[in-house]
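Labels A, B, C and D are assigned to the chains in the order they are written; within every chain, residues are numbered from 1.
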Amino acid sequence: MPNKITVAILGATGAVGQRFVQLLVDHPFFEVTALTASERSAGQRYKDACRWVIPGDPPPSISEMIVSPLEAKLAAKLVFSALPAKVAHEVEPRFAAAGYAVCSNASALRYEKDVPLVIPEVNPDHLTLIERQRKDRDWPGFIVTNPNCSTTGIAMVLKPLHDAFELKKAFITTMQAVSGAGYPGVPSLDILGNILPYIGGEEEKIERETRLLLGRVVDGERIEAEFVVSAQANRVPVTDGHTICLSLGFKESPSVEETIAVLSEFQGLKQVRELPSAPDHPLRVNIEPDRPQPRRDRDVGQGMTVSVGRVRPCLLLDLRMVLVVHNTLRGAAAGSILNAELLASEGYLG
Amino acid sequence: MPNKITVAILGATGAVGQRFVQLLVDHPFFEVTALTASERSAGQRYKDACRWVIPGDPPPSISEMIVSPLEAKLAAKLVFSALPAKVAHEVEPRFAAAGYAVCSNASALRYEKDVPLVIPEVNPDHLTLIERQRKDRDWPGFIVTNPNCSTTGIAMVLKPLHDAFELKKAFITTMQAVSGAGYPGVPSLDILGNILPYIGGEEEKIERETRLLLGRVVDGERIEAEFVVSAQANRVPVTDGHTICLSLGFKESPSVEETIAVLSEFQGLKQVRELPSAPDHPLRVNIEPDRPQPRRDRDVGQGMTVSVGRVRPCLLLDLRMVLVVHNTLRGAAAGSILNAELLASEGYLG
Amino acid sequence: MPNKITVAILGATGAVGQRFVQLLVDHPFFEVTALTASERSAGQRYKDACRWVIPGDPPPSISEMIVSPLEAKLAAKLVFSALPAKVAHEVEPRFAAAGYAVCSNASALRYEKDVPLVIPEVNPDHLTLIERQRKDRDWPGFIVTNPNCSTTGIAMVLKPLHDAFELKKAFITTMQAVSGAGYPGVPSLDILGNILPYIGGEEEKIERETRLLLGRVVDGERIEAEFVVSAQANRVPVTDGHTICLSLGFKESPSVEETIAVLSEFQGLKQVRELPSAPDHPLRVNIEPDRPQPRRDRDVGQGMTVSVGRVRPCLLLDLRMVLVVHNTLRGAAAGSILNAELLASEGYLG
Amino acid sequence: MPNKITVAILGATGAVGQRFVQLLVDHPFFEVTALTASERSAGQRYKDACRWVIPGDPPPSISEMIVSPLEAKLAAKLVFSALPAKVAHEVEPRFAAAGYAVCSNASALRYEKDVPLVIPEVNPDHLTLIERQRKDRDWPGFIVTNPNCSTTGIAMVLKPLHDAFELKKAFITTMQAVSGAGYPGVPSLDILGNILPYIGGEEEKIERETRLLLGRVVDGERIEAEFVVSAQANRVPVTDGHTICLSLGFKESPSVEETIAVLSEFQGLKQVRELPSAPDHPLRVNIEPDRPQPRRDRDVGQGMTVSVGRVRPCLLLDLRMVLVVHNTLRGAAAGSILNAELLASEGYLG
């Protein structure tokens, strides 16, 4: 790929925007050519406009770039959107209409029937919705979305199990890191030595997006998977890494051994495995009694591998297990970039 | 009650033992006359033998008491046991055989069919097992136990709901404070900014003790309740207060309104409500969207009231909700003392 | 005091405002008759306008009060100000000019030469500046301030030592709790598992206010104490309680024993000791090797006693020691209330 | 270096031992050929004998190695010691007497007049003490030590300043991460939401080792530097990275600008800069108002660069500043490995 694809980051100064910046420096496919932020920040150097919340400092090659206002004339072919849902709802279609490929981390358009919601190892075939999207909306560009951070980890674990044993029911309880709320996000007085048993809108996203991701596309129609998910979302005093507890019921009650085998063998399609951001193994199964843990396991596979452990029988359904997903890498910016890499390799970026 | 009942605390220097000390100073019914600890500590002043982990300092009236070794000749009528399970299993029967009334916080004997496992507001009638216990074992004394810290909160919430709607299934995920592991307990390197998705033996205790507490005593036999509980226990970086997420299925599917009404109206028997450590309300229902929280709600009712909130429909069963229980007060030492108060008021302490 | 003095709280919905509310319920001298907050909150019930950040809930007697806008016609004789400095600078003089007695926790007017900056046990005689203030400014009311939260603890420890041994130099390093920054205050992403080595304006306040508090009033002039203070302020992941490390040099080099004796014997004037919020002992000396600690010692004396420990020789100056002060009680709202109690008992509230 | 030097790790299962393991995998100079641990662990596979406390898992190439007991017949030329001081005091001389080169992280022998205490960028010439050590003790091997974790950061910042301006006085207050206490180390009940204002022996180490490191070796005698250090050590709820506040007085009072220039230009000798573990810059100067911070800055230069910021005038001495040092990398295992690299490059490893 001799000429890199030019990309812009929308909402580049926020917590997810910063992850995009960090990950796109020296990317083999992409080159950052524009950054946008709110009116207030436009015109400033990136390093001045941004309170960098990731350990270390903004990359030197980006630090001096001037932040643009959010308008649809950016010197880029692809845009990554780290915009808030409300803004994204209005802005992202404008970019698609103007011919950009949009890879969005926002929830705004995930539920539109012609907008793919994709994890490359889970449902790469949903990209075929792009064709319908462009046709129905008469857009030269298009929009692809990645799921909510918790849902990403959940769907990756459920995918091989659903394929093998047909999932019917999933009880889910999350313990989510504060970085998921952005910056400034959760006030320290709310979370130091404390738990918040509520994250606005999160439970609905988990309950819905999981079904979309594991659904099928038939004749250009996305058909939701038929299992039912019930979720409780909690915020915990952890900086990065969501920990998620699952109780699962299947049509074909699998044993613990069968389950571990299926999880261990899971991998994406060959073309997905070869993408630059794809980990060697999308899942990793822990057999230690007290793993996975967010601080110890979130960075497995450069934060792209989901760890799953404590696979054991449930007294009420078939199985219990616990997973950890890095919420701002696999569950946000890096997930969105992996989608873009798939788009590039599949020829969607022309 | 002009003459107070003399009491000893077994394992008085540990984290739960310290709570007993704190709560029994100036108690209207009881007077601490002996403290025991391990061989190493025996013979020392309490304040020297003990690393006090509760905010503040050991009460002056206890600080100078000399710690005794653990043997069954203590100047006391009643003993509170904060012993580890293994030691308790051997020692508590010796004390009962020597004529002491034993109120135990240990799990060692909770599952013996003639040893009451009691929360005064939930199953005070289980104390009738004492008669059988003394007769079958030919003991002048007896043993009464209180449940595991998490189970205490769960059973208090489930009791009125089970009575009203007949519980069938309960999915439970706990987020437990580090004080539940005693001192030194959980190393800080394991839990700062981290979650441990495993607490040895905890899930089994929750799954079993809940059924015992909500069971019935018929003709001297304790019959377990018939619902099924499936539990996942997690340790979180919170000092005190367990937060517990529930999904519940009932025979008679209650509405959210009916559920809140039943929870709000719950109270213990008149004789229980009048005990010194009994709170005005055993349960408190939160209607705010993000409550209960451990740091903000664990101390309601002096740590004796269980807070419950987020009562809402579950997509798979009838209801979801979240509770907070103070694990070292209601869930341990203060729960044991409330049992002793009930024993005193019911005439078991002669 | 049969008729209580009516009081208003300015900025009642903020973190310090909430402490005022909590502490003034059932106060023997004062009765809350008005609450103010920003335009946006005015007209709402207190419990709706306020995100309560203190454990528990707003007191029922205040919860239903309607919040007023910030204007100088409040049904109260005394106002407690928990306003931000900038607002306070404009508003507090208006209240004094309108005849109110103002007890302010804000820094805005602390350095005015005719505005007393007072800790009752340290410099109650500075209240004599009120007379000059009223005369020079032609105000029927007046303003009294309490110091910055860190400074309060420092000045209370330094006062008896300066009186006895004449302080010359003080090196100070603080480790301050997040509640000192108000709500929402410090973002959790900045402080979980982290230290912030900077708090805007704090070092200057410590360096200056300490000299004012330990200065003298001579003929209506406040003369600063002549020692020099050098301060470094840090924010740490602690909810409440500031921990402060000191190295001190005196004219008369005291021994550790003399120092401990002087600290232990320190008490306020008789009329101060009898005030409702005054603790039995303003200082408490810890002799344990690892105390004081914020979580264990902040609540000594209802949060009104400053704990000091690790008194030992310094290799460079005379002494090293560490103190803990409850920053939102003694160091803010309760300190302001203690000032008001002194004003009442000294006849300033007519 | 075609044939790697064989190395053993003494105390390989502890927290510092694990860092040695992590850092020595794929090291260009060294190859791990033996691991020792306590009697209890000997004979087990490393992965079974060790509770891995670093994020991730033990490296596969080491996981299966069998742990040896602690005796002086190891298939290695060099040993890294992560032993507790008391054990090190007895064992390390035995290894030196048996012909091993010992690089010790323990404090046991740091103060022996013929044992070099070394940071390669600070005092590489102290290695000349080895000759005397071998001669006086008649050892075929030898011992070299690295300083205490806090002292490492302090000495690296003081070195260029002392050379340029002649240090006279240093007031030091540390805020140290829990990983410095090893595993299990600090109980979570002691440190969650809390500060411990005491670390046994730490202040004495800082006060003494700083003078040794900045001292000179003249005719085989180590002469301490003549400045005086006064230290207060605190433990804070941070996992890794010590934050240290300094007030410094010099003979030649430098300006802030001069100081920043000297710090920025500091570098080790050419032969040190070329070592594999040496960072590009031993120091990094932060100009942002609120840096350095442990979570954001500990990993600069792979954890080998010390960050220093808030350089500003002190009201009492010349300068105030704050530094962050990674305590288990530069301040422990990686510092010890850098010493070994210097030994190798200087020909001490034959």
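As a convention for this text, a residue touches a chain if its C-beta (ideal position, glycine included) is under 8 Å from a C-beta of that chain, and two chains touch if they have at least 3 such contacts.
Bear in mind the structure is a predicted one, so any value in this text is a computation, not a measurement.
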| request: Considering only mean CA positions as chain centres, point out the chain farthest from subunit D. | output: B
| request: Please work out which of B-D and B-C is bridged by more C-beta pairs in contact, and write that pair. | output: B-D
| request: Can you check how far apart subunit C and subunit D are, centre to centre, with Cα atoms defining each centre and the answer in Å? | output: 42
| said: Centroid of subunit B to centroid of subunit C, CA atoms only: how many Å? | reply: 40
| CA centre of subunit B versus CA centre of subunit D: separation in Å? | 47
| note | Touching at least 2 other chains, the residues of subunit C are 192-193, 237-239, 295-296
| field | Residues on subunit A engaged by subunit B in the complex (per definition of touch) | value | 169, 171, 173, 175, 193-198, 200, 207, 228-230, 232, 234, 236-239, 243, 245, 247, 289-296, 309-310, 314-317, 320, 322
| task | Quick one: which bits of subunit D touch subunit B in the complex? Just the residue numbers, please. | result | 15, 53, 178-179, 183-193, 237-239
| subunit D-touching residues of subunit A, taken from the complex the two chains share | 55-56, 192-193, 239, 295-300
